[in-house]
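What follows is a set of structures for review.
In what comes next, chain A is part of two complexes: it sits with chain B in the first one and with chain C in the second one.
Moving on, here comes the complex of A and B:
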């Protein structure tokens, strides 16, 4: 194997652990969801939902995003990652912090445990942000994708700090705004400012690339960037100070930004050169379709804020679950098939490409299992959503079984990819 | 103490302070050794052989002076008169004839007793691609040249007696291929066409813009495996291929690339 010192991408030992832990956390999450299905029929402010949400958002979503970003940032910004060591420490802190935080919420241990685990996660995020900040600084590329990634990191920092403040406020109340309102603020900064904004930044770069779509109109992205961030910024203040009317406006502005991005994606889809979509891309597009539902719900909520507290507690749960399971989880599962095989393929076959006949990245996983995973997952998601709306615990449990099966399929392929052993055919023109 | 042409000046001075006067007495070029700041900059980075070249005297002259104040001359490595730093004059000629040149006179900085290294590096970092930096100095900046060559710059020195011109140009985007010197060239469209014209009848053209990754990389690497030694591969690509470039350098191919416009990059790959 030749030296890879000249590669911008960090060593696989930085990235792969994120995918391993992320996949296992998702499996644990679906099992716990099955065990605590009835919490989905209650108000969202309950220990089980808090534990599950944080496990999913930190241990699965953020975990995979961190791992994928360490690979993608050097490519997008055309520079080396600032520090591999910081990335490794951040990974360990995130894993430990998430497990502790989940345990604390699950058992509702307020005070020391909750605040301590919050501190560990804050530290992990701080190290990640330093890494992104310095990598961004050393890059001469000026692109809207870079802005999205950079700004999403700032929102991640804000979300985590806000979370730490909430953990303290929950144990020793000191803020006058109702805790539930602060929770909404924390959740939206995290979901929209961090996760969705990052998905837009990375997605607008890699999705057209996977579709082989040329000459995309980046103005839509610029519009999306400014509307989402200004809307979210104003929205956060409106929640804090209970400015109802301004909150409606702000939500509308954010929604416009999201629609601009979806329209950008649709354009890429229409003009794509590669007509046949593989399982990973199919699942990704289903997830963007699902995103339309929480968008509708958020408009509904902002026009009538009493909807959540009076009639429609299930709707608020559906809002969260369509966003985090239907949209984000599904998208990450789909995109795993596009990014991880390539990372492993490069690690295993680098130096041999063109010299001997080797498999392509998509041959590193079992395609039938990937297809089965998509169908089982989508069915499970529909059943769980139905169960939440009908307030039927057993329906939710049934849906969860589907989700567990889908996650088992996903983990099967994940391990198959990661532990791929070099496969060489007869030498051709070596 | 035993010394030879590769011994660093700093080691010699550390061993015996009189060496400063001994060397400086050879000719006025060595007077800067008396300036403590310049000494600090230069001495650790310069060997006797380098010093001879900078000071325009022979290595023997230096060794003889040092022998007088008690150093032993070892029969050590046989010294070469030239180490090849100033052989070509392509850069110099280009700098003379081109508009794409910026100048930096570091003599005032040196006179004020400061190290011009940072000023030069700052100027270089702001230099536009394809531009040449002309550093005006009173001696050959050997330490600077060594550092720059490691960082992927090509340099050339033009000696005009009292004034020494050093021409510096980045020969590659160092972010992509540190250490893969002279294998990667980010060039202008004109320079690219010029390079391409050298392979008139021996050019294989492929377009990988409509292929899904990693097929562009696989296709290109497949092609170069069957490429004849004196021919080149001409590629239309969508982007500057981040994973491919180091791979090509590892396989000892030279790659020239230029951006026609966004989403349209041309590469020329040859041995």
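Moving on, here comes the complex of A and C:
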């Protein structure tokens, strides 16, 4: 008999802390965004935006991705995680490093604080990378999803090292390339090379699985893999050496790769067995639709780079917020409802099947709250985006209030799932 | 989807597996066509069930299989029950019964 996915899964104590900290960080982020709404009307290179961006990307996005990956890598690679201990140490370092880095940027404490926190994060990522690379090595399967995950980990390492170099350069300048250009390089390696590529690798496996879509055309994924990585690689050099024309071509190639993935997802959506989508999948598909907007903006910026430094400062902020809040945050919130209930459900009810009356995984959270969360979040995101474009601080603040409410709803369900107790069901034991 | 014709007792066990629901799709595993074979060995008091999953990565595979075992055991207490997971033939949409397709909104 072949092994099945859940038999390779690591203990819940590896995964759950990532979700707990991630959810709380998201709440703190939305509150800080509300308090510093004015920074969103300024150029992106300011202490508050740097602090908020790193808090969001490391404390929320990367935190949840690390946790979810420890559960999903065994599913995708059909092997056990290399080391649970490394995962736990990496989690502690990421939490501490993110808090210190956010404080350093917020107060603009350059030098020792910034570099020290950067070193802690680099160490956390190093441990994570060792874990993923050794797990990948022990896996016998060959798939494009595995390539995406492996390569995204390499981009993560590059991004973090680049970030550390930037932290040193900001405190003790030694690089001739303007710091802003290096920041763009660091940001795109992180967002496209690490986060989006990882989303493609994991999403191309689990989204068709959740939709029960069979017979998918994987050639689109192969095309997506080579275009995104070659485009990004050339694009990074183009930014560093200011090769404008080549940057346009490289951006176009990356966009083609992203469109190929979206087309793959649309195919899964079209041929899916499960016609009715649950709240988690609905929010996930809305977030993929939102991804089309930054794709349009990247093309706009590529053709006219002066836009970004003249009239389009709000557009550059919208570009970043659409990617990180509209697309990635929304997707993670949606997918939390698809992964976390299963993890907890297995933890609580494994071994009790057929012996006590057990709930369904989706009964571990409040569906109405999840639906409300989606609507409030989408409204908040639209209002914040409008406020940034109109350079209206009060509109941004109003949108932030919606985002805070949505995050409270999210945390309510997150805690409800994580601290689920089986006693009410055991009482009805048949 | 069944790979051979069952005898009356085997068919009874097969029908009882309608109590096992796939928690993601909310359709029982019989109508999903996940059960391939039920073999009853009176002599050795053994029941052998062969089944598949909609995907090898299905996170609930272990639970569904345990549920199959428990349901079968509950009506055949004297028998030893073994559940085998197989991937050939691969599960496809055509394996779903008309009733299953109706529940999934595909008809």
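Keep in mind that, in the parts below, the second predicted complex is superposed on the first by the 413 of 430 C-alpha atoms of A that agree within 3 Å, B and C clash if a C-alpha of one lies under 4 Å from a C-alpha of the other, contacts with A are read in each partner's own complex, and residues count from 1 in each chain.
Following the convention adopted for this analysis, a residue touches a chain if its C-beta (ideal position, glycine included) is under 8 Å from a C-beta of that chain, and two chains touch if they have at least 3 such contacts.
Because the structure is predicted, anything quoted here is derived from the model rather than measured.
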item	value
First, second, both or neither for A:360, with chain B first and chain C second	both
First (chain B), second (chain C), both or neither touched by A:8	first
Contacts of A:276 with chain B and chain C, given as first, second, both or neither	second
First, second, both or neither for A:205, with chain B first and chain C second	second
Touched partner set for A:75, first chain B, second chain C, both or neither	both
Which superposed partner A:43 touches (first chain B, second chain C, both, neither)	neither
Contact residues of chain A, present in both the chain B and the chain C interface	2, 4-7, 9, 75, 78, 209-210, 212, 214-215, 273-274, 342, 345-346, 350-351, 353-355, 360-361
Residues of chain A that touch chain B when the two form their complex	2-9, 74-75, 78-80, 209-210, 212, 214-215, 273-274, 342, 345-346, 350-351, 353-355, 360-361, 429-430
Residues of chain B touching chain A in the complex	175-180, 209-215, 217-218, 220-226, 238, 240, 242-243, 246-247, 249-250, 263
Residues of chain C that touch chain A when the two form their complex	23-26, 53-63, 65-67, 69-71, 73-74, 84-87, 91-93, 96, 104-106
Of all residues in chain A, those that touch chain C in their complex	1-2, 4-7, 9, 75-76, 78, 205-206, 209-210, 212, 214-215, 273-276, 342, 345-346, 349-351, 353-355, 360-362
